[in-house]
Amino acid sequence: MMDFIIGHYNYWVSIFLMMVGFYAVISRGNLVKKIIGMNVFQVSVFLLYISISTVEQGSAPIFTEGVELYSNPLPHVLILTAIVVGVATTALGLALVVRIKEAYGTIEEDEIHELDHTL
Amino acid sequence: MIEVFIDIILLSFIAVTAVAILRMTNLFAIIMLFGIFSFLSASLFAVMDAVDVAFTEAAVGAGISTVLMLATIALTKTQKEKVSVSHRHWLPLSVVIVTGAVLVYGTLDLPAFGDPEAPAQTHVAPYYIDKAVEETGLPNMVTSVLASYRGFDTLGEVVVVFTAGVAVLLLLGGKHRISDTGTNEIEKNEHSLILRVVAKFLIPLIIVFALYVQFHGDFGPGGGFQAGVILSAAIILYTLVFGLDAAERVIPPSILRILASLGVLIYTGVGIVTILLGGNYLNYSVLGDSKVAGQHLGILLVELGVGIAVFAVLLVIFLTFAGRGRP
Amino acid sequence: MYTAVSLAILVSLGLVLARALLGPTVYDRIAAVNMFGTKTVLLIAVLAFSSGRTDLLDIALVYALINFTGVVAVMRLVTYGSFHSSRKADTKSVTADKG
Amino acid sequence: MIIDILSWILLLGGGLLGIIGGIGMHWFPDVYSRQHAAGTTDTLCAMLILLGLALQAGFSLVTFKLALIFIFLLFTNPTASHALANAAMQGGLRPQLERTAGGDNP
Amino acid sequence: MMQGHLCILLVVIPLFAAPIAAILPRGRLPWAAALIVTSVCFVLAGMQLWSVVQDGVVSYELGGWAPPWGIEYRIDAVNAFMALIVSGIAAVTLPYALLSAEKEIPEHLIPLFYSAFLLCFTGLLGITLTGDIFNVFVFLEISSLSSYALISLGRKRQALTSAYQYLIMGTLGATFFLIGVGLIYSQTGTLNMVDLAARLPQVSSLNTIHTGFAFIITGIALKLALFPLHLWLPNAYTYAPSVITLFLSATATKVAVYVMLRILFSVFPSDFVSTTPTGDLFLLSGIAGIISASVYAIYQVDVKRLLAYSSVAQIGYIALGIGFASFTSLTATLVHLFNHALMKGALFMAIGSIIYRVGKCHMDSIHGLGRQMPWTFGAIIVGGFSLIGVPGTAGFISKWYLVLTAIEQDSWISVVVILVGSLLAAVYIGKLIEALYFKPAVDSNPAVNEVPFSMLAPTWILVLANIYFGLNTELTVGVAEHAIRVLGVTAE
């Protein structure tokens, strides 16, 4: 039982982080906060992937004399790509937030809705 | 054993930080915490042997993303999130709980953390570990998988970054004048002397380090992407200390835009050259006399393309954000 | 021995994290973030030695650099209110609240 | 052998200072004194630990990198502390000159 | 020599052109570059489809590495057909784009605009052609990021908020997809679709695979705007620049449908999918989507929003086709993908022409314009009839096949829903035609002329295609049937 918990602790924490990030995205009305929540959500997915790639007693996937056991390089590559995608999305999202602020004068979702409906 | 222990402690820290991010309403404090969150996750990646990922996450998450978020709250002049009472919280909450429950259900069957016999470790990955060094001549398997075996993904990644640059320019690139600053004051730098002296000393070091990361990526953690981020961080530091105008005198934005395109073109171009030489797209083996030499040359070139593109795009993004609303 | 040192660093990380969470002023948080960055650098450096992977030092170096840039960015923002102007901003609004 | 012992002492000293600095961040009543606690211990702690590690490594590229990290921290910490205190002053926070019960805010 | 590289050139040519377009000077040069690139791609896609139908599946090893270690492009009739749709629509869109974009996009942004357009085009083609599930994610993000930016260029400020909303939903969808891929990878160790299909049957009873499957499907459903996850779509289509609305409505959701088909029918084993409630959920979503979106469409006063809701309803028909999962229904799905691209393309082009002339497309402000712009009005009539499913137009064919399946499967409720959906479509198209032709012209509108030839010609190419493919079904249905057989679904 203990082994099972230790062996899955990583996954569960990353799932917990996913829930926190996801909740921040869908429940908060502030546009910047949503983007930060999205970042948390994405980072937790990275954690999940890297947890999958880890090998106990393994070393980083850089060839060294005398080392036999390496951790899995493939998820690392995938996550490198995903991190880049994440920062690209963040930059675009924040640029949108700046423009929304300029156009509406607020970055709160409720107030934006009100402004659009009173038009 | 100690690594498992550190792993668990760091995971607990990161969980606490995430909850705090969710609960706080002061955006400035949230962004500070997000910096810590990124540092923590990067450390976790380092502990879990994903050195390249740790490298990138620290530079991107704690560096670029945080700076961009700061720029955004500066531009939107919003420090506090309004918490509305009208929101119905049960709907998002139940969606999240269902999602989490499904995920936990899914992980019950996952092999234990670190199991070397897990399917993920036994099918495709061993090929890279056994053959990559021999086939590409690079000790860093992450680099060889990144630039060669899955080189097309990496091309896509560079294009994503480029797209973000185009998108930010489309959104914020135009001249936008804010009304309240009529006086065109001369950029007189009031930043403390200490900071300027230190920055003058550090920036060359950072640039040298970026070049080291660019070309050492074949052997250790690093590569084009990380080098590009670090190099742009150096210029960002310069901008922060000496002012935006000074930075734009050093690197004019028009040059940066050309560099960004150039980086992508180098990567795509290498692929086209390999087709012309009779290989498949991005098959670097045809570039050199021997297979390994070709791989080596190809990886070097595409990493260079990645470095240039990432450097230029991230800097364009930062400068566009920083220059928005400039009188 | 490395274990003892990493534990010590972890403890101080925890304390610093608590300061960052509790605030109360923005400056406390900034200081905490800065110190957190430094401690992470040290943790990674110690880890590099305890696991024998000196490659990790490169990462520690990047953390130190990013930490510095980040803190300067925050500082600039707090002092001037934006990344381009050199006029002193009214920063009272930033500093007071307890998040 | 001597070097080993010396390096252990340095490392442990550094670790201890780290904890003390962490406690210091909670012990003092206002930004400036906390900053003082953090700033001073932080730099020294980093110095001791990195020096200890350098002794372990001997003279190589590793030492060079450690030295580089050290230079970074040496510059960044005091600069950051200075700029921070500066910013805090400008931001309107007055140092608290006398200790008051529960006096956390300006 | 280039024959073997056809599939990769399809992606690489626009990829190479996009950064060049970004640094070209203002003026018409970026447009010309984009026009040439998309036309070349259209021709290449045609050649690709021809060669695939003739010689069977093409596998292209990127970087010269054999799958599953390297990334593989795997072209069969399904994705060659999709690539043809995407590049065809792009090639017709561009001649139209010249004037429309000049009117709606600030001049200094034109080079970046076409660069982003090409990036979006690249992304969509990349998703279509790849045989690697992670590569799908990467190109999905390329197309999504560029479409967020393009949508935000609309002239009203709501364009910004709808782009933001789309960004959040789209990123959540992509991240869900990523989680699913990670879970699947953790139990199979591979990312190549063919390899996945070979390895999944052994592990398909595990929880992890079920969860991964659910996440992948949810992720794509978000991108697909499957009812009830469609909330981003009406806003995005309403406020985007006309050119972008027409391009995205005709391609982006179609590509997402393709990914869904690929995942459901070629990656996951069919006996696994049939144990899950996926089919029923699709049927349910299809039925609810058709009815509710059509009803919503009737009450819209903005013509673009009306058509956007109609798109959601059309996705409902596609969902029905996927839900039945039979040979006929999937054929109907593919044919409908193609036909819907044609009719929505034509309709949005016609609406774009109206916007070009009067600057808005509110129901009240277009009164009588049909008499002043007869050709544009004609396009709307034919496109609208196709949308309703009048015999003799393309729309009739796909609906006919769908009804056939529903009868085959004894699902009378679906038959009723399809018919009611068509009826509702007749109502909203009728409203549109009434406003355009039978209402007296608004006084405040100045008398307008027909739009220039460069905008009319692309519109009428699509209109004529609507009629042609309504009369001659051999080509579309033939290719679609061939494609469905490739997916491994055969007629009983």
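For clarity, chains are labelled A, B, C, D and E in written order, and residue numbers in each chain start from 1.
Assume a contact is a pair of C-beta atoms (placed from the backbone, for glycine too) under 8 Å apart; a residue touches a chain by one contact, two chains touch by 3 or more.
This structure is a prediction, so every number in the text was calculated from the model and none was measured.
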Quick check on the contact graph: shortest path length from chain B to chain D, in steps? 1
Applying the touch definition from the top, give me the chains sitting in contact with each of chain C and chain E. A, B
Steps needed, at minimum, to go from chain D to chain E via contacts: 2
So which chain is the furthest away from chain C, centre to centre on CA atoms? E
Which pair wins on C-beta contacts, A-C or A-B? A-B
Rounded Å distance between chain B and chain E, as computed from the means of their C-alpha atoms: 31
Whole-Å separation of chain centres (CA-atom averages), chain C against chain D: 11
Per the C-alpha means, the centres of chain A and chain E lie apart by a whole-Å value of 28
Just curious, how far off is chain C from chain B if you go by their C-alpha centres, in Å? 19
Quick check: what residues of chain E touch more than one other chain, meaning two or more? 134, 138, 141, 145, 148-149, 152, 179, 185-186, 191
Which parts of chain B, given as residue numbers and ranges, touch two or more other chains? 30, 51, 71, 75, 103, 107-108, 110-111, 118, 120-121, 124-125, 128, 150, 153, 156-157, 160, 163-164, 167, 171, 195, 202, 209, 220-221, 321
Chain A: which residues touch two or more other chains? 18, 22, 52, 59-60, 62, 74-75, 78, 81, 85, 88-89, 92, 96-97, 99
Chain pairs that touch, as defined at the top of this document: A-B, A-C, A-E, B-C, B-D, B-E, C-D
Contacts from chain A onto chain B in the complex sit at residues 3-4, 6-13, 15-24, 26-30, 32-33, 35-37, 39-40, 43, 46-47, 50-64, 69-81, 83-92, 94-99, 101-102, 107-108, 110-111
The answer for chain D against chain C in the complex is residues 8, 11-12, 14-16, 18-19, 21-23, 25-26, 31, 34-35, 38-39, 42, 45-46, 49-50, 53, 56-57, 62, 65-66, 68-69, 72-73, 75-77, 79-81, 83-84, 86-88, 90-93, 104-106
For the chain E and chain A complex, residues of the former touching the latter: 134, 137-138, 141, 145, 148-149, 152, 157-158, 160-161, 163-164, 167-168, 171-172, 174-175, 178-179, 182, 185-186, 191
Residue positions on chain B within touch of chain E in the complex are 102-103, 105-111, 118-125, 127-128, 148-153, 155-157, 159-160, 162-164, 166-167, 169-171, 173-174, 257-258, 260-262, 264-265, 268-269, 271-272, 275, 279-285
Report the residues of chain B in contact with chain C in the complex, numbered from low to high. 2-3, 6, 9-10, 13, 16-17, 20, 24-26, 28-30, 32-33, 35-36, 39-40, 42-43, 46-47, 51, 54-55, 58-59, 62-63, 66-67, 70-71, 74-75, 79-80, 181, 185, 187-191, 195, 199, 202, 206, 209, 213, 216, 220-222, 226, 230, 233, 236-237, 239-241, 243-244, 321-323, 325-327
